[in-house]
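What follows is a group of structures, each given as structure tokens.
One chain, subunit A, appears in both complexes that follow, with subunit B as partner in the first and subunit C in the second.
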Partner chain A sequence: MAKITKANSVGEWFDQRLNTTALNKVMMTEYWIPKDINFLWAMGVVLAVTFKLLIISGIFLLMYYKPDVNLAFDSVNYTIMQEVKYGWLFRHMHGVAASVIFLIIYIHMFTGIYYGSYKKGREMIWISGMLLFVTFSAAGFSGYMLPWGQMSYWAASVITNLFAGGSLEAWGLVEWIRGGFTVNDATLTRFFMLHVFLLPLAIIGIIALHFYSLRIPHVNTQNSEELDFDAEAEKYLAGNKKSAKVIPFWPVFLSKDFAVLSVFLIFYFYLVFFHFGFAMDPVNFDPADNLKTPAHIYPEWYFLWSYETLRGPFFDMFGMKAADIGLIIFGLAQGIFLVFPFLDRDPDILPAHKRPLFRIWFWIMIIDLIILSVFGKLPPLAVTEGTWYQIYFDNAHIGFYATILFLLLWAALPIITRIDAKRRGAV
Partner chain B sequence: MRELKILLVLVVFTGALYFGVEPYAHTQLHKTVETPDYTFKDVDGLKGMAGNAKSGETLVQNNCVACHAIEKVGFAQSMDNATLAASFQLTPPDLSSSGLIYNADYLAAFIKDPAKASKTEHKYQDGAAHPMPGYGWMQPQEIADMVAYLQSIAPKEMTNKAVFADACQRCHSIKYGDMLNGTMASFTPDADIKKYMGTTPPDLSQYIRSRSEQYLHELVNDPQKHLSGTAMPRVGLTQEAENQVITYMAEVGDSSRAERAELGPKFLIYLLVFAIFAWLWKAKIWRDLH
Partner chain C sequence: MSNNTNRRSFIGFSFAAVAAAGGVGALVGMKQAWDPLPSVLAGGFTKVDLSTLKAGDPITVEWRGKPVFILKKTAQMEKSDRDLVVGSDRFTVVIGLCTHLGCIPAWKKENWKCACHGGAFDASGKQVFGPPPKPLILPQFSINGTALVLGETGPEYKKLLTAQA
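Up next is the complex of A and B:
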């Protein structure tokens, strides 16, 4: 056992037992971040804070929510929204944070893609991040079921139905997932468990992995400069703060994060109080009714692009049913981002504006995802009479073209990244 | 400068996405209908004819109170709601407030031909008839007199809840209005109203959140515009009565509205102060670095 002497302060007492001084150095004051960054580098901390808001508001909601098909709707819309003091505030905070966190996740993701922060040792950062995207998606989906409104019920029906695998007709699997032949009380209680226990636990674990995966390869810079972190850190510690190319996590990096965070919080609470409709769909304020299908069923905005790849192929092709083709593309869309580091065959880390073809690829991808999202929400009208323009550019066709473009972009990625690298002379 | 450019790109793409999936998508998902007509131009109304309340009183007593209660002038409800519903298909309305909450032209047209005025003729096919017989055989002057009488006995003003009860609650529940005692359940028992309407009319507790206010106004003014073929009758509410109904629905279903409006600015001011300090602190720390 280590020799413990009488401590002269509380800090020292803890230091003797928990080595807090060294911990603080490793985690905060001597955890080095590059200086050459912009505000997009603050999205990680913005995400961590938004997740914290979700946990806190979720705990309060959990005190009154009742996971039972007969009680759930009223426990949310009456007890929490009308009776509990500030219950509405916690629900709005939870609902809006659940929606906005995906906006920040997408920004965070595409920042990584733009600056090439997923390769040459940073693969695990990317993969753990994509696992977070998957677990957050599952949390969003399971949470959406809890108020037991019309959209809760029908979205649950549509999504669990996907596990039948189209023509595979794996109904046994669907029943196993639902705990019954249709979405029912057992479905609600199991998704409740996932939402309040297993998924948050998994998310916290993967966040720890995500943070840890940053330690070895370090954070990327906006000009993809490879730094000797030890040498730069020495400069900084010696007092050459101006010439050092690194900054400590605390207080320098976090001071910038807090500044960005403060702007985000204004935006977020503006939405919570004055503009929450986008995150709390009106249709879900009708209680679930298994005999009344809503006129339009659509997911929350952050799932729309992948939802559109599911319904984009609306006619049979190559001897396959439209629904099966959609399901295959949908499955592909769920997994493809995970292997991004291995599809990019350019060995150099560079921001997209220094990679001519990749830059074009990047912006077309963003625009295509927006088009997919918009047409994922619009009714999939297929016009059969009219001018060629009306027939071939109706909602259903535009969604189909955007889906095909989405596939082509992924097919092109290994090729165009290789061409970029060749032209630069890197390979 | 570069950071502002990045911010601009973020705002433009997020804005485009938002515009596409929210305001634009909603124009495509919901149909637009004509704005509500609170003068009920299409009905066979009074045509400017003035009525005599005194002679209307006798006419109403002779023709209406056999089925309708008029508590205001001492004609109490003859049986309980359930028995009335069993006898008449649904509970007939008390007429005490009808002179205030219903448009006078509409009221005249309704007395003449209830199914036509309420736009529910499609419901009464093959020998089925509206529970209230039409009084089209009366002289226009007599109808005007009855309307004048109903107006003369109507209260000058009513609470939002009372308007809702008279205008909507015979068929619709709004249980959040009184979760504890259940007094805001529909007057006509569920089984009877389901038989009469073909389906149980929805509980309206959350309609203020599930439908836009504009939609509610358009629907109440003329249900056929949004729900073609619906069994829900047009009831002919005046604009003011309709506002009161929807205000009541908001009081019940969105009770935090006032608190939200009051608390929101305070939150934002607090965060603005936080933002100022956060940026000052950031500037102070980064000053040494460049």
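Up next is the complex of A and C:
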């Protein structure tokens, strides 16, 4: 047993029992972050805080929400929105945070892609991050069902239908997921459980893994310089703070993060108070009705690009049904980002502006994802009469071209990264 | 290998086997907890009396949360191998969800037209215009006199299903 003496302070009392001084050093004051970074490196902390906002606002919603098909809609739209003091605030905070967290996730992801922060020992950072993307997507989808409005019901209906696997017609699986022939009370209660318990628990666990995966390879830098963290830390601790290439996580790095975080929170609360409407689809203010479909069913903005890859192929090809091809591409789109580190065949870690072909690839991918998102929101109109221009550049065709481009980009990735590496003389 | 190693690996394998059996059992239980409840399954049948229908005027009934269109055909309407023949009457019985993206089409004089993307189905439920890839789907049913029971699989249903394929 450790030797316990009379403590002279509360801090010392805890230190003797929990080793808090050493813990604080390892986790905070001697956890080293490189200096050569910019504001994009603050997105992790922004995400952690947004997740916290979701939990806090969620707890307050949970106290009045009722997961029952007869009560859910009114418990949200009447009880929480009109009776509970500041209930509207918690709902708008929750809805807006759920939307902007995906904006920050995308920025965080593409920062990683741009600077090559997913390879040479950083693969687990990338993979755990993509697992977070998947669990957050599941949390977003399950939460969207809870207000039990028209879009809640029909989005749940369309997405669970996907599990039939197109021509495989696996309706048994769909009915198992729903706990009934259609989306029903059992579906609502099980997705409620997933949304408020299992998924947040999984997310917290994966966040811990994500943070831990940074420990060994450390954070990447703007110019991907390989640092001797021990030597640089020694310099810093000896008082050579200027020449040291690292800073401690606390208080130096976090104080800079807090500056970025402040800007983000001003933007976030501006949306919460003045522009919450973008996260509140008007169709969802009609109660769910299984005998009336909304004119046009679409997901929230952050799922639009993958939704469009599902709809993109609208005619049969290679002896396969259009819907099956769409489903295959959709499945591929969900998983392909996970294996990014293994598709990039350039052995060097470099920012995209030092990798000529990859830089072009990066920006075309961003533009393609934006095009897919825009056309994912528009109705899939197919024009059959008119000039060639009207026929071949209607909504359905542009969505199709963007889907094909999306596939071609992934096919090209291993090749162009290899060419970049060869020209540099790295392979 | 010494006797000790053998004994240890035997104990290890036994432990793994017991744990695996327990794990599989737990998974089966969890899977069944998510199955549709008996009350949900029992509610999966809808009875309709076909003798009350007026020719040319389709009705919509709810079956398993989905709309089902039932149309008694008039003499002028084209015959089809999808027709359910009861006595001297011909009926169209289909699930009222567009085979394109699942919207509910509405009856307009002699066609079901979908407001979502313009698809149209004739009085036999066959797609005649727009994006729908296949005819409206047949629900499972059985016939007893003029009583139609949706959810049961009768010989008439199987006959229509093979006629369609």
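Rule of thumb we're sticking to: the second predicted complex is superposed on the first by the 427 of 427 C-alpha atoms of A that agree within 3 Å, B and C clash if a C-alpha of one lies under 4 Å from a C-alpha of the other, contacts with A are read in each partner's own complex, and residues count from 1 in each chain.
Note that a residue touches a chain if its C-beta (ideal position, glycine included) is under 8 Å from a C-beta of that chain, and two chains touch if they have at least 3 such contacts.
From a predicted model like this one, the values you see are computed outputs, not experimental measurements.
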### Message
Between subunit B and subunit C, whom does A:259 touch in the aligned arrangement: first, second, both, or neither?
### Response
first
### Task
Name the contact category of A:56: first (subunit B only), second (subunit C only), both, or neither.
neither
### Message
Going by the contact rule set out at the top, does A:181 touch subunit B (first), subunit C (second), both, or neither?
### Response
second
### Message
Under the stated touch criterion, which partner chain does A:322 make contact with: subunit B (first), subunit C (second), both, or neither?
### Response
second
### Query
Taking the superposition as given, does A:296 touch the first partner, subunit B, the second, subunit C, both, or neither?
both
### Message
Is A:158 touching anything from subunit B or subunit C once the two structures are fitted on A? First, second, both or neither.
### Response
second
#### Entry: subunit B versus subunit C as contact partner of A:131, first or second or both or neither
neither
### Message
I want to verify the contact counts: of subunit B and subunit C, which reaches more residues of subunit A?
### Response
B
### Message
With both complexes superposed on chain A, which partner does A:382 reach: first (subunit B), second (subunit C), both or neither?
### Response
second
#### Entry: Residues on subunit A lying within both footprints (that of subunit B and that of subunit C)
295-296, 379
### Summary
The residues of subunit B that touch subunit A in their complex are 2-3, 6-7, 10, 13-14, 16-18, 20-22, 24-25, 28-29, 176, 179, 202-203, 205-207, 209-212, 252-253, 255-256, 259-261, 263-264, 267-268, 271-272, 274-275, 278-279, 281-282, 285-286, 288-290
### Summary
Interface with subunit A, subunit C side, in the complex: residues 31, 34-37, 40, 44, 60, 62, 64-67, 101-104, 115-117, 131, 133
### Touch list for subunit A against partner subunit C, complex
157-158, 161, 175-184, 186, 190, 290-293, 295-297, 314, 321-323, 379-382
### Query
Where on subunit A is subunit B touching in the complex?
35, 38-40, 74, 77-78, 81-82, 88-89, 103, 107, 241-242, 247, 251-252, 255-256, 258-259, 261-263, 265-266, 269-270, 272-274, 277-278, 280, 282-287, 295-296, 301, 304, 366, 370, 373-374, 376-379
